[in-house]
Each structure stands twice: as C-alpha cells, then as structure tokens.
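Note that the chains take the letters A, B, C and D in the order they are written out, and that residue 1 is the start of every chain.
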Amino acid sequence: MLGANRYGKSDVRLVKVTRGETTHELRDLVVDVALEGDFEAAHVEGDNTGLLATDTMRNTVYALARTHPLDSLEAFGAALVERFLRAGPTVTAAHVRIAEHPWSRLTAHSFQRGSGGTRVALVSGPELRYEAGIEDLLVLKTTGSGWAGFHRDEYTTLPETGDRILATIVTARWEYARASGESTWAGVRDTVLESFGDHYSPSVQFTLHHMGQAVLDRFAEIERIHFSLPNRHHLLFDLERFGLDNPNAIFHSTTEPYGLIEGTVER
Amino acid sequence: MLGANRYGKSDVRLVKVTRGETTHELRDLVVDVALEGDFEAAHVEGDNTGLLATDTMRNTVYALARTHPLDSLEAFGAALVERFLRAGPTVTAAHVRIAEHPWSRLTAHSFQRGSGGTRVALVSGPELRYEAGIEDLLVLKTTGSGWAGFHRDEYTTLPETGDRILATIVTARWEYARASGESTWAGVRDTVLESFGDHYSPSVQFTLHHMGQAVLDRFAEIERIHFSLPNRHHLLFDLERFGLDNPNAIFHSTTEPYGLIEGTVER
Amino acid sequence: MLGANRYGKSDVRLVKVTRGETTHELRDLVVDVALEGDFEAAHVEGDNTGLLATDTMRNTVYALARTHPLDSLEAFGAALVERFLRAGPTVTAAHVRIAEHPWSRLTAHSFQRGSGGTRVALVSGPELRYEAGIEDLLVLKTTGSGWAGFHRDEYTTLPETGDRILATIVTARWEYARASGESTWAGVRDTVLESFGDHYSPSVQFTLHHMGQAVLDRFAEIERIHFSLPNRHHLLFDLERFGLDNPNAIFHSTTEPYGLIEGTVER
Amino acid sequence: MLGANRYGKSDVRLVKVTRGETTHELRDLVVDVALEGDFEAAHVEGDNTGLLATDTMRNTVYALARTHPLDSLEAFGAALVERFLRAGPTVTAAHVRIAEHPWSRLTAHSFQRGSGGTRVALVSGPELRYEAGIEDLLVLKTTGSGWAGFHRDEYTTLPETGDRILATIVTARWEYARASGESTWAGVRDTVLESFGDHYSPSVQFTLHHMGQAVLDRFAEIERIHFSLPNRHHLLFDLERFGLDNPNAIFHSTTEPYGLIEGTVER
C-alpha cells in the first residue's frame, strides 16, 4: 500500500537581475518545490497523467520569476504555491523553499559574496503558511562563556570552565502570522547576532533561549523560533608539557564530534 | 517560553577492531546521541545540574563499545539508549543513530572501502523502537526506464521518452517489529538492488513503489519502508547540430536541478 | 606583462552507453580540457579571434565521444588532444584529464557505484604523453603497522607503538612509455591493494616505497609512480580512566589534522 | 629508487585569542607543514631515526603560536620554517602554508564569519621566500561583460553576447620581495575587487590581465601575480517558449561544466 508521498524539483538555481536607472539589484536564489496529491496511479499502475513533470516545475520557477517583481521572497513563494496548486491536476498541497545567497554591493553593477548567513523562506498552501530561516551563520565569542555545574558520572572527564570560546553555526527557523519576511528577516538576523554577544553564556542551551527571547521580544509577529546550534568545540591546547602556560590563548578548533543543541522558544 | 528541545553529541567516530584467531573484524561507525528531558533550568536559569555533558556522551560511546560485542548495531544502540536513560538525571527519551561505513576485506587484516551504501541504525527509548536505513546507494540503469504520458501545461517543454537513463542515490528507512537489523539489513539492500533493475520503470514513483513492495514481500518483520530518491538526470546531448545521431548513447549527467521523489510503502 | 597562461573547460560530465547484443557497457567520465598557446591579444587587447570558446570544447568532447569507441580512456584523450591542437587557432599544447567513476554491474543493464577508487587518465600533446592515476582509494589495515624509533625533541609527546591502525586514501600517478592505460590500470590498482596489506609497515614512508616497488616490479612499461598518502589517524581511545583496558580495540578516527606523505618511486 | 619526496602535517587548526585591555583579537588559522630532506632510510630500510613525527609538527605549531605575537602571518610562518629546519635531523627545506578564515567583529569579544576571501601565506626556507594568496573570493558583475568575436568551428554553437553576467571565484597568488604580507594583503584584495568592477570585460582573460596590472601598478613590492578564475556560467534562461522576453533578467546559474582561466601577470 502506498503511504505518504510527495515529489518535486530541488536545487533550481535562479538569478534575477533588476536593472534600475543607475544600479542593479541582484537576487541569487535556490528554489525547491515539493507537491502532495493523489499520485497513486503513477506509483501503482504506471499512469503518469496525474503528474506534472519536475522539468515543468523548473520552467515555471523561471517563467514566474520574469513577471513577478521578486520584491519579497515570501510573495514569490506564495505565487509559486498558488500556481502549482492550480497546475498539478491532483495536487492538494504545495511546498516551496527559497534560499538566498548573500551578496554585498561593490559598485552599481558588481558584487562580492556577503556574510551574515543564508536567508531561507518557506511557503506552503493551499492555506498559506510562511516560515523564514537563517542558515550558515557562523558566530564565535572569545570570552563570556563557560560550562560548569553540570551532572557528573563515571564517564565524565571534562573539567569545568568559566571562560571558553563559544562557536556555533546558527540555523534558525520561525513562523510568521503573515508574509512579513522581507521586512523582518534582517532584523531577526541582527537580533540573533546582538543577543549572541550580549550576555554571559553558562551553556549553549541558555544562549539558545536568550536569543529566542530577544527575537520574540522585538518581533510581535513571530510566534515561535527554533534554533539548531552545533557546538563547534575549541579545545584549550595543553602547552604545560612544553613549559608554557595557556591563559585561554591557544585553541585547537575541531569539527567532530560536536555537541548539537536544538530547541524552540515560543510565546 | 521554552518549547520542544533536545541536545546531544553528533559525529562520534568509533572504530572497533575485533581480533579473531586468524582474521580481524572491523566496524567503522559514526554515532549520534540526542536526549530529551526536563532541561528547562539550564535554558532559563543557567542551572546545569540536570545536564549530562555531551563530552560525557562521547566517552560513554567509546566505553560501552569496549565491553559490548558490537555483533549487532541495533543491540549496541539499545545499550546506549538504556545507559543514557539512566545516566541523564532528567532524561525522558534517548535517540541513538549509528551509521556504518562499508569496508570490504582484502586480507585477514586489511580492507578497502566497500560499496553498497552506508548502513544506518536508529534506536530510541524508553520504549525501544528500531529503524534501519540505507544511505548513499548509487544505482543506474541504462535502459528499461521511460517518462511519458505525463500532464502537460503551458510551461511543459520536456519531450516524452520510452528509453532513458535512470540514476538515483537511494536513501531508505524502515521500521522493525524487533531488533532484527543485523540479519536483515544486507537482505533489504540486496532486494532494493535487484528490484531496481528487474522491471520497466515508467517513473521514479513506480520504481519506488515497486522496490518497496519487493522489500515488504520478502521481509515479514518490516511494516513500512520509506524512500527518498533524487532523480539524477542524464540528458541526451544534442548532437544533430554536428551532423551526428545520438541513439541513447551520449549523455550529459547533471547534479542540479534534480527531481526528488519521496514516499512510503506500507502494509 | 603576460606570463604563463592557459584556459579550458572543466567538469564536463560525459556518460556513454555502448549497447551490446545482450549487455550494456557504461563509462561515466569527467573531462577537463586546458589549452596553451598565444593568447596575448585576448588578455591585453580584448581581441578574442584567437580563442576557441570553452563551450566549444564541451561540445567537442560530446561529439568526439559519439564516434570514438571509447575502448581506451587514453586513446580518447589522445583524440581530444589532437583535435584541440588543430582546432585552436594559436594553440601550442593541449592537456586532457579524464576521471572515471567506478560502477559495478548488477544486471545486463543496471549498475551500482563501485569501489576501488577513481581512475584518472591524463594525455597531453603535441608530443603525446600519457599519465594514469588512482584517486579516492581508501584502505585500512588493523594491524601490521607501527611507528617507533623516530626522532624526538622537546615538542614530542607521541608514544611509540608497534601495533596501530594504518588508514589512508591513496592518490597515485604514473607515467607510461605508451598508451597502455586500458590494460594495466586495474593491474596497478590491484598491486597497490595487495602490497598495502602484505608487509609490516614501520611508517607510511616505508609502505609508500614498498607499494611503488611492487608496481615497478610488475609493470615494465611504468617508469615512475608518485603517491600522495594522507595518514588518516586512528587514535587509541583512553579507557583506563573508566577502569577498562584497550588492547588495540577501540579507536577514535579523525579527519584533521592529518599527516601527508608524498613521494616518487622510479627506476 | 626513491625519487622526490616530502612529508608533513596538514590541517592543523589553530585559533589564537589575543586579549587587549578592552577588545580581543582573533586569528583563526589552518596550518600545513611539509618538510624535504634525506628520508631515504625511512623509505627503504624502515629506519625512522631521521624523521620528526608529524604529531611533533602539530605540537610545534601550537607551542610557537603561544610565544609568537602572530602580528604577521608571514613572520609566524618564517618562525615555523626556521624551527623545522633546525628540528628535523636531516631536513633541507621546509614549507609552511597558513590559511586564515575571515571573521568580522560584532563586539569587543564576539565575531561573525566575514567575507572577502580566505587569506593565504606561504613561507619556505632555508632561503626565505614569501608568497601570499587569496582563495574563495566570490565576485559577480551583472553587466559590463561580454563574449564575442571568438573563433568558431563546426562544434561552435554559442551565440555572441555584449552583455552577460560574469561570476568567478578568485584564487590569486603573488610573490613578495620581502615579508610585507601583513600590510599589503588587504590592499591587494581591495585592488582585485575594484579592478574587477571598473572596466568592460570582453573575456575572463582580459579581466585577469587587467586585475593583475592594477595590482602590479599599486604594489611595487609584488613581482608577479597568478590568478585562477573559474567562469561560473550564468545562462540566460529561454523564456520565449512561454511568450516572455528575457532582457538579461532571468539566469540559470550553473556549477558544471565551468571555464577555467589561469594566468600570470608579471613585470
């Protein structure tokens, strides 16, 4: 028996240049489309009449990008969702994910890859729902972070510390009451950056909650925010063996294993 | 307010060598641990007394691997789940994921990286649940696959075909009634490989359902199986422009965009 | 002033299916082309009349693959080199690199990704020169390897060992007197695999030399072979802290930092 | 017979925090060490007495980072080179490569990953030579670039254009007369960014030469600069099929295949 299923097109790489009188605007997007519906005939009988080709989905993304102003990722996502709900003969739900690579302006027409994380917008329908997100936002603080007072058992060897490096790659996702992504995304990102650095962090968990609170305090339209925070450990390198001290100066940064702290802060 | 949350250690890379009289056995594993529980004090008040350090989780993985025979990934996962349920002072649920890299034997003591996909075992508790999976299993068929009769709209340009290359990277996951992973994993993998090649495929969806059926037919203990199948498109290269035909011989393989077909087959 | 320069097309992904009476043959290739010549007008004056477009190079790869039997990567590479030497109006040298992904046969028309490393063929002209290579060949031995007697200074903390895991990802490259790649590649690969496991290794350096000698002993047409061998360290995990011994059983595998041993063995 | 050979440690990940009165400075480095010398006894006889362990090299990097001010990557590299020339009993040449990940300051003690490319410093000895480099510098211009007047043959299908997107990931490397890396690196990077955008580009080759000239004009201490410029093609998506024009607005960005243009500009 066929259970839950969906299909679509992923990694549609779309760049739109909007030519103003003196300067150009650039949007560098990766679009994923996924459709749900009654696709049983295709799965069981090999009857494709109910399927929109994923190649058609790709074409649709580029065609709609031509006429849509693309002034808001969420609005563009909603236009795609509405189109796919109409276009797929048996489609009952459509999900669009748009990731935007950051570019920072050099001149009126030239750009370099920016920092500050990848922006993500998710739209699904028929009842339109909007989520936004940040990915690949690397942050690090050189002090103002510790890890102490934790539970110890027979396998615990880690010493306590009141001063360590805290480094993480923020992935965040939040829901909007409405499609306000375009105006608030940079504000949420900046709030995350500020609140990451503005407090003493006794744990990644505490910082997660603190950043979530800061976002909810500032943005009334956000109901809840979810964070996924890998703890990119920076280990104090043991220099005593060489007759040297190490007053939180020399660290070995590691990629694996890593702690992974995930949680939601909500109203 | 703190919502759902969890934390743990990821990418714990464990290699265990079991030394038989004449030959060595090798298990090359990557273990992820995630715990749920009452961690509110840590998030809100900075009180870590309820938290087991993720470094302790790592130590625990290596320590338990020493005494556990590791004859079954599922049994090892269950031992870890039980340990973490006891060890975390406020833990209410534990999730362990174990991925195994394949090695194929060269001699009694030497190995080369094998093929056939990465094996995955997932165990969670307190009520023990077992899932198994395959990742990174690349398969391709040079014929016996088509794509025709699909819905067409004004954005559809793709021609129909009755003979194409079908290539995908299988990700599968299935649930067991009990911890029978060790004995059935290779059987499921082989069934996927066989059923991928044994039929005419009118769509990736049909092949997904066909492979799922083959697994359920053969393994009574499996209740449902989920597949995620990226369609790694191989496009016929247009050679007519150069006065050459192309009878399904010369293809341009692409990585993006790609179709993504996902679905569950269940009893 | 313009110094040395070259240009070309990289990552041309070509799949050729050769349809025999009962079974299909598959070659899954990635081709890189680089041309040298008198390109100064393009660099300095913006005069492109001497440049073959890299898009044309791509087309040429697919077109020549149609008529060439592709029974030998080296022969196909030589055909491309000769074509580009004629086609580029000012070209004086052409370099073609072909990497082949391994597939292993499941049925007459279906395949799974194989193991045993990526095959590489390099051809350059006008005076045709052939090199072959292996990449991504992961090998590991669970014993028969040590590291002792090395020089110690004030920064040396590593204990000596007579029994460790040795793991590496072999990259090899060798020159042929003639285009004998098709017949000898698998033989060289097998010789590397055999000689990796057949001796006690006091160092990666010794194993490098030993494998090189084995290849030169067996293949008279090979003048020299170069290896690049990252030492993928597997560290014995310290279990004494938990009251457990660790008789070379439980290892922590690491990706960074890694030793890198490179050298050539020649006649 | 043993030919050319070298060995060392790669991917030593070093983070140094320098604590000023009010703000912290951060250097996030990846160090590679490679040594040349008389290592024949190790290769041929298994005699390791002439080898410094690569683990010792790692320790040395961390130990020297403690006492060295690390105010200049080139000076730190030279200190490492000099140390390894003394420490390796038979070492005749040492090569140190240091890559620095960019961070941009958020507060006195917190940082986010910056943009502008990875800085690279290479130092070798005994006669000290310095090279510097940029990697991963993504730049794009939305106009002011074309590709026309190129040589056409029977495999040429690409239309000419006087207005396209030009995108590349700059890798550059240059030699200094002396260790002036610390003061000039950002200047070279900024010159590359400026000169990328300040001219009409008839080809990547022309832009390569133009950027090289700009660097040599501004920095008298640089003798030559080498660029490796992948042409990350942005293809105009064909919208005519859907009754839409496409006045250089909607592009499909691709990763493969890509043009690769490499060259040196020198005095």
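A few notes on this one:
What we mean here is this: a contact is a pair of C-beta atoms (placed from the backbone, for glycine too) under 8 Å apart; a residue touches a chain by one contact, two chains touch by 3 or more.
From a predicted model like this one, the values you see are computed outputs, not experimental measurements.
Each chain gets a centre from the mean of its Cα atoms; the one farthest from the centre of chain B is D. Across A-C and A-D, it is A-D that has more C-beta pairs touching. Chain A and chain D have CA centres that are 28 Å apart.
The mean-CA centres of chain A and chain C are about 37 angstrom from one another, to the nearest whole unit. In chain A, the residues that reach two or more other chains under the touch definition are 13, 59, 63, 155, 157, 241-242, 254-256. The part of chain C that touches chain B in the complex is made up of residues 13-19, 24, 26, 28, 59, 62-63, 65-67, 103-104, 106-107, 109-116, 137-144, 165, 193-194, 196-198, 234, 237, 239, 241-242, 244, 246-254.
Remark: chain A residues 154-155, 157, 241-242, 254-256 touch chain C in the complex. Across the complex, chain D meets chain C through its residues 1-13, 32, 34, 39, 42-44, 46-56, 58-60, 63, 87-89, 147-153, 155-158, 202-206, 208-209, 224, 226, 230-231, 255-267.
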